[in-house]
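In what follows, a single structure is set out as structure tokens and then discussed.
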Amino acid sequence: ASAQETIKVGVLHSLSGTMAISETTLKDVMLMLIDEQNKKGGLLGKKLEAVVVDPASNWPLFAEKARELIAQENVAAVFGCWTSVSRKSVLPVFKELNSILFYPVQYEGEESEKNVFYTGAAPNQQAIPAVDYLEKEEGVERWVLAGTDYVYPRTTNKILEAYLKGKGVKDEDIMINYTPFGHSDWQTIVSDIKKFGSSGKKTAVVSTINGDANVPFYKELANQGVKATDIPVVAFSVGEEELAGIDTGPLVGHLAAWNYFQSIDTPANEAFIKEWQAYTKNSERVTNDPMEAHVIGFNMWVKAVEKAGTTDTDKVIDAIVGIKVPNLTGGTSEMLPNHHITKPVFIGEVNAEGQFDVVWNTDDLVPGDAWSDFLEGSKDLEADWVSKKCGNFNTKTGKCGGQAS
Amino acid sequence: MLTVKLIDRYGAVFIAVLAAAAVIVPFCNLAIEPGSAFHIPDYLLPLIGKYLCFALLAISIDLIWGYCGILSLGHGAFFALGGYAMGMYLMRQIGPRGVYGHPILPDFMVFLNFQDLPWFWLGFDSFLFAMVMVLLVPGVLAFVFGWFAFRSRVTGVYLSIITQAMTFALMLAFFRNDMGFGGNNGLTDFKDILGFSVQAGETRAVLFALSAAALGLGYLLCRYVVTSKLGKVLVAVRDAESRTRFLGYRVENYKLAVFVLSAMLAGLAGALYVPQVGIINPSEFAPANSIEAVIWVAVGGRGTLVGAALGALVVNVGKSWFTGAIPEFWLFALGALFVVVTLFLPKGILGTLQDYLGHPKAAKPAPEPDGAAVAHPAE
Amino acid sequence: MSLLSFRAFHHLTRALGRSVRFCALAGLVVLALAPSVHAEPVDDALAAFAADGFDDTQKGIDILVSSGHDSAEAILAALSAGKLMVRNDDKALFIEGKAGAFTDARTGASASVDAAKLKVVRLNNRLRRSVQAALGAVTLQAPSPARRIAAARAVQRSRDPAALPAVDAALARETDNGARAALQTARAAIIVAAKDAPEAERIAAVELIAAEANPDAAALLRSVQADAPQALRTAAEEGIAGIERSLAFWNAMQNVTYGISLGSVLLLAAIGLAITFGVMGVINMAHGEMVMIGAYTTYVVQDLIRDHAPQLFGSSLFFAIPLAFLVSGAVGVAIERGVIRFLYGRPLETLLATWGISLILQQAVRTIFGPSNREVGTPDWMSGAFQLGGLSLTYNRVAIVIFAMLVFAALLLVLKKTTLGLQVRAVTQNRRMASSMGIRTDFVDAMTFGLGSGVAGIAGVALSQIDNVSPNLGQGYIIDSFMVVVFGGVGNLWGTLVGALTLGVANKFLEPYAGAVLGKIILLVAIILFIQKRPRGLFALKGRAVEA
Amino acid sequence: MLNVRTLDLHYGAAQALRGVGLEARPGEVTCVLGRNGVGKTSLLRAIVGHRPISSGEISLDGRDISRLKSFERARLGVAYVPQGREIFPLLTVKENLETGYAPLPRGKRSIPDEIFELFPVLKSMLSRRGGDLSGGQQQQLAIGRALVTRPRLLVLDEPTEGIQPSIIKDIGRAITYLRDKGDMAIVLVEQYFDFARELADRFIVMERGEVIASGDRAALEGDDVRQRLAL
Amino acid sequence: MDASVTPALLYLDDVSVTFDGFRALNSLSLVIEHAEMRAIIGPNGAGKTTMMDVITGKTRPDTGEVMFDGHHDLTRIDEAGIAELGIGRKFQTPTVFDMLTVEDNILLALKSDRRPLASLLEKLTSARKERVDELLERVRLKDHRHRKAGNLSHGQKQWLEIGMLLAQEPKLLLVDEPAAGMTDQETADTADLLREIAQTRSVVVVEHDMVFVRDLGVKVTCLHEGSVLAEGPLDAVSSNERVIEVYLGR
């Protein structure tokens, strides 16, 4: 097929460097989805063609590669990024060149852009339900908020702190701790957590520890004998992929909050897992939440393109809001006017097989909230790209563009 | 040779190419219709501009490493500081157009609950002030750092490692959200510079031309330094530091002078880099970045200035190209490039070329005397 | 039953409505004293388990406990271990034994069942706790003293007043001294909080607890302070002060141990570099990748053992150590022969070449093993922690400390006491002249680089126990390693040892005050300042021999 | 024993040796004479294998050794005392001497007593680092180190440089002693003419990389050679 | 201190240096007058080089006083400062700048303002050029002027270093074994050269070559174990029993 007859889709995930560990899988899943779509006859009668580049966990390179994808390769949409900073880095490029980015990872919120669709969880779709669960189900009264020192944990913890204090938790019952990226020596912190948790009040750890640092953290927890029954840890960045590197025997019962778990027993999920394992020719390969986000995002984009009858950016952006696609856990996710989607929230407990057993889930799908209700600067903001054509509409002043005029 | 021409054969070619590029590239981008064979597409302009900034960084490293034997594994820090100074100016230019619409505070400060602008952000709304800071901040850091280190006669790997410690410490510090530099996300989403939109084609073209000019002038400045008697003293210091002292030269002052100059050039490179790539974040301080910059110099040819720039270009073009063309295997290609260059082009690309074409009058990189490994400055 | 426990019993009985679990325990106590033969409740319990909802399971536990049935312990234990299975079609329950054997949960008779049809009865943390509490109470009478101690600890931690009668009952029979002490502490923990207990007894309890100098004890004492009688309060305050004094001491000691352990990790990571870089002068940027290769070797060894000889898993690391040495060493020799040997006399070029090699090796591993973490298990003997005075030490850290010291000693021996050691140093100081002395420089170079790489590989085995096994593993240690070697003084193994331990301990003393991030920054700045004072590292060589 | 024929050697493009020939026999001292920069050291470097030769032949006992590595030559019995001492600065005196064990079989690995007799200062400084020694002490160490290997061909480049007169005399006596033992061939580069004249059994004089005169002991006695050197 | 009180150019008093317990200099005292040449001899390891190290600031003495030109306390000045006062040195093992050409080596040594900015702006005047030529001529390296110093033979480096020493035009020259590795003829030339220099400047020469020392015809000091063993005209010193015993040999 000649160039005109294909629709190009950009895949912008790090295949090398520190983030490769997480992002490579997402590249594979995109290739699989595109493959599958082509088997179904492509899109608008054309074949889809994946354009894969490697931004190498290097943030400026993300911007460069995004530019290359959009300007040089003329891709119709890009699926990519993992870290917030990579998203922030490509954002101006997408705005300038007016293209579409699907961002599949849970993040700190506080953003809504015309050109970006956030298919991962906003804080209200992950953090808050998890805390609610711990409080109700486990009777937790004392909280350790441990995170890597960057924006996502900072924001999440800030939201949680405000939320917990609002519920009457006292200052001395909250311990906040930040560590550098790739922190590998957790002896002191784990023992601090143990100390903090020995006050008699039920204590839990809310972990926004990122990436590589999780494995040594959990290994240390296991070694110092911090059991889930004593001090449960609920994590927002630990999924099936991360657990694959750890012996989960001693970690049984620790928790994670996600919008998807591989263990969720639905026909759609079963089919997806099967296909994935067949595609990667590895019956051990696990699936995880950001993968599902890509599945949802991709399906939404396909539907939107079909609805608009074109891959033209503006038309697709208009068409996609309101589109509903089934997710893998049995519900139907919808693209909201704030460019976030509705998602179910699940709390899972680590089991000995390295999977999660769902112990709680929301009854309904939770709509993603771009601007947190618990933060001073953003509680008055609202994103609506349909009626207000604005990502940061201030409900107080009634104007688009934050607080000022 | 008692005197060396300021501009040698390679320098002349280099300056000519740069001057031509500064004019022709923006012209081909703006004035020639897309579709024409001579059109330079939009995305290439900031890309090449970025390479030019890297080339300037490489030259600044070559000045101290190639000529004075100071292997700085932390030069990325000066580059990043220059970048941050520029980034801060650009952030202040956003004004009330941030997502929260705060009249003064940048977005990240709003949601991290900063009440006022931290003191070190003051003044950055002025372009002039920011430009002074671009040179001053790296310069002062280099001065303070160098003052202590050179006076204490920290040399060789010990110096390399503490420069690395310096950049590493700065990276960790800038990662901290409390520092007020945007933490891991850094500074981004710039709107305009001196009233011109950073995304406008014309602004890009001007930035490009400025980068080319800065590179050219930076080169000439370094060239002036290395061809003067000061340059010879530097080489003497590189060869036999203590012997130079016995001739009456205060080695530490010489080192300090070029170190500061080099840091300021690196800062300038960083400042030009930021508006063209659109983001500055703490990962620019990462030790690996600094090491990589040293590697550009080695690839191009240590002690040749032009070679350093060439090395930066070759490696980065290679990187841009490989990451798109062979995303899964590019590290093999890049790694192999480094190995091949060391094995087959022992003096780097330009050094080897010079040998091949007969050498012009320039100080050559020192092949370390046998056995005198870095670890053993003895003998 | 003593008066006190009887009163407590009464007091608690009133709260019976609130706590089903209490009821269970109370029942258990009664039953423990007078064994009886209820049969039907067990079936109810099993039915509840079979329903497999968390609330159902909770109910099941309660029923089971109150039933006091002989099989209660076995069933609870199975439940807790995730070995209680329910058959899909008929909801019959089985307990999984060793090697795929099953017993009928109801009868205890062995049963042959199709494992594919079975599903585990799930637990969540709440259930896990109640199973454990139940088991704790049950096992207060367990035959093995160790288990009784563990049970007592569990009770002490739960401080559940409801357990008091059971504790008393157990105390009455206890013969083992250790278990007795544990039970008494557990009892004290409950009494201290019990408002209606006699004051004297509470004060005695306070004293007993204050003797246990740990934060738990302090917290316990603190919790009674507010409305307690004056005498009790003073006793508690004194107790707390005492505990805090001793805690402060143990805290410092604990920091030292953490520091030594971190230092050992740094030492392991750096020591190979101390050879390739420190002794040979090769700026070996691929050092981290040698460590990584060692870690991956461990993974492959464990994988093979899991598949082919699972019984050897406990000793998997002992296979991994020599293999990692050989594999990394072989890669090192290959690098030396293929690239580095052309670069002697040009040490700075080695930076470039080894950087390239490190990129290639990372990507190679990524291509072969995939980008994500690989699981390396910790053998049982290395898991868990033990108590030494007020220190809590984890076995794996202790193992790493010992291991690091052994590696260090071995290396020191090789370099100082063997011909190779002398020859390496001669070769690196003056390659040509060494050759003229009849030293086979090629061979020495290859062996030395191989040795350094091999040692890095060994370090990888140890690091696989505490860190990610991923293609980036090496990158995380390379900077620290260089820092350690240089800080200690290049070319001096003792410097590397002292440097690593100093940095480790300093880091761990800073961390509690400054936090992990700031602590690290402070440490880096301290290194920079330190180098100003000693421009050639901690163990600087002095004299003419080193001056340029 | 050693036979060098038509040797050419280049440093880059510059030729340092042109068709140089030299012969050394057991029980004899062969002196190489010449002013600064004529190529004496270059010739010795070629013999011990520190520089590759461009053409020509170097044979030891009839065997061509010109392609062998330095250590292989050392194992065949060639020992070298280089100009500029080149001792291992960070090794102790004892370790410096022990590097000479490499070509020896295990049983023979010891430091001959003669060395300490000749250079008593080394004995008193065994544990001092080589690099800390004074210039003359280093020179003594360099000679001692070469002798540890029990060479059959001893190649000395200005061994008396920086050494005090009394020890120069001792070295002269030692060389005579070694020569008289009869199994060792000695090649000696020496500027100190009187010293050379006393020891030499045969000699060559070099000028700009070429041999311009050669002969035996008798030819040295006249003023001819001395004058050539003074030019 | 006033220059008139201690008229000597160099004045060492009771200088001791120890290295890890080994006494390299043992309360050494020495006085060098203006325009005096002094030959220093002594066994290997007597401390001759160490003494020069002390004078040039490379080694700091444990005790003792080192005064230059009456009022400069050399123990408090760094190497560069001492060099700037006018003390030049030739090292025992030739040390030159390997990567620079022969003439650049000389050029760097030429007397001039040593500050960085001055170096940056320094112009190569014809006077300087001539001076370089003259010096190259003097040390017979004219033909080698464009070669890298590192490629010179051992003896050529010796000469180059002597040339560099002359270029500095110091008040006091410290020359450590200048004749080593030179032919007899060259040795004699060197002696001439030094005698000529000594007419206006002070020179301290260390040498083991007795013929050379005799050629110089100056006062001789013999060091032994870090202190002065004998001092006086060469004939007197060389007939001293102790000197013969420890140094000259029989």
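Think of it as A, B, C, D and E in the order they're written, each chain with its own count starting at 1.
Criterion: contacts are C-beta pairs under 8 Å (C-beta built on N, C-alpha and C of every residue); 3 or more make two chains touch, one makes a residue touch a chain.
Predicted model only: the values in this text are computed from it and were never measured.
Listed here as common contacts of subunit C and subunit E: B, D.
The chain with its Cα centroid farthest from the Cα centroid of subunit D is A. With centres computed from Cα atoms alone, the innermost chain of the structure is B. As a whole-number value, the distance joining the C-alpha centres of subunit A and subunit E reads 74 Å.
Inter-chain centre distance (subunit B to subunit D, centres taken as mean C-alpha positions): 51 Å.
Centroids built from CA atoms put subunit C at 30 Å from subunit A. Within subunit D, the positions touching two or more other chains are listed as 89-90, 131-132.
Residues of subunit A in contact with at least two other chains: 15-16, 149, 180. Across the assembly, subunit C contributes 362-363, 429-430, 432-433, 475, 491, 517, 520, 543, 545-547 as residues in contact with two or more other chains. Residues of subunit C touching subunit D in their complex: 419, 422-423, 425-426, 429-430, 432-442, 491, 541, 543-546. Against subunit B, in their complex, subunit E makes its touches with residues 56, 58, 78-80, 83-84, 88-89, 91, 95-101, 103-104, 107-109, 114-117, 119-122, 124, 129, 132, 146, 150, 164, 168. For subunit C in complex with subunit A, the touching residues are 54, 82, 122-126, 128-129, 132, 157, 159, 214-216, 219-220, 222-223, 254-255, 258, 261-262, 265, 362-363, 366, 370-375, 377-378, 383-385, 392, 394-397, 465-472, 475-476, 507-508, 511-512, 515-517, 520.
Those residues of subunit C that touch subunit B in the shared complex are 277-283, 285, 339, 342-353, 355-360, 362-364, 367, 428-433, 475, 479, 482-483, 486-487, 490-491, 517-518, 520-521, 524-525, 527-529, 531-533, 535-537, 545-548.
Chain contact summary for the complex, subunit B toward subunit E: residues 1-3, 225, 228-230, 232-233, 235-236, 238-240, 242-251, 253-254, 257, 363-364, 366, 369.
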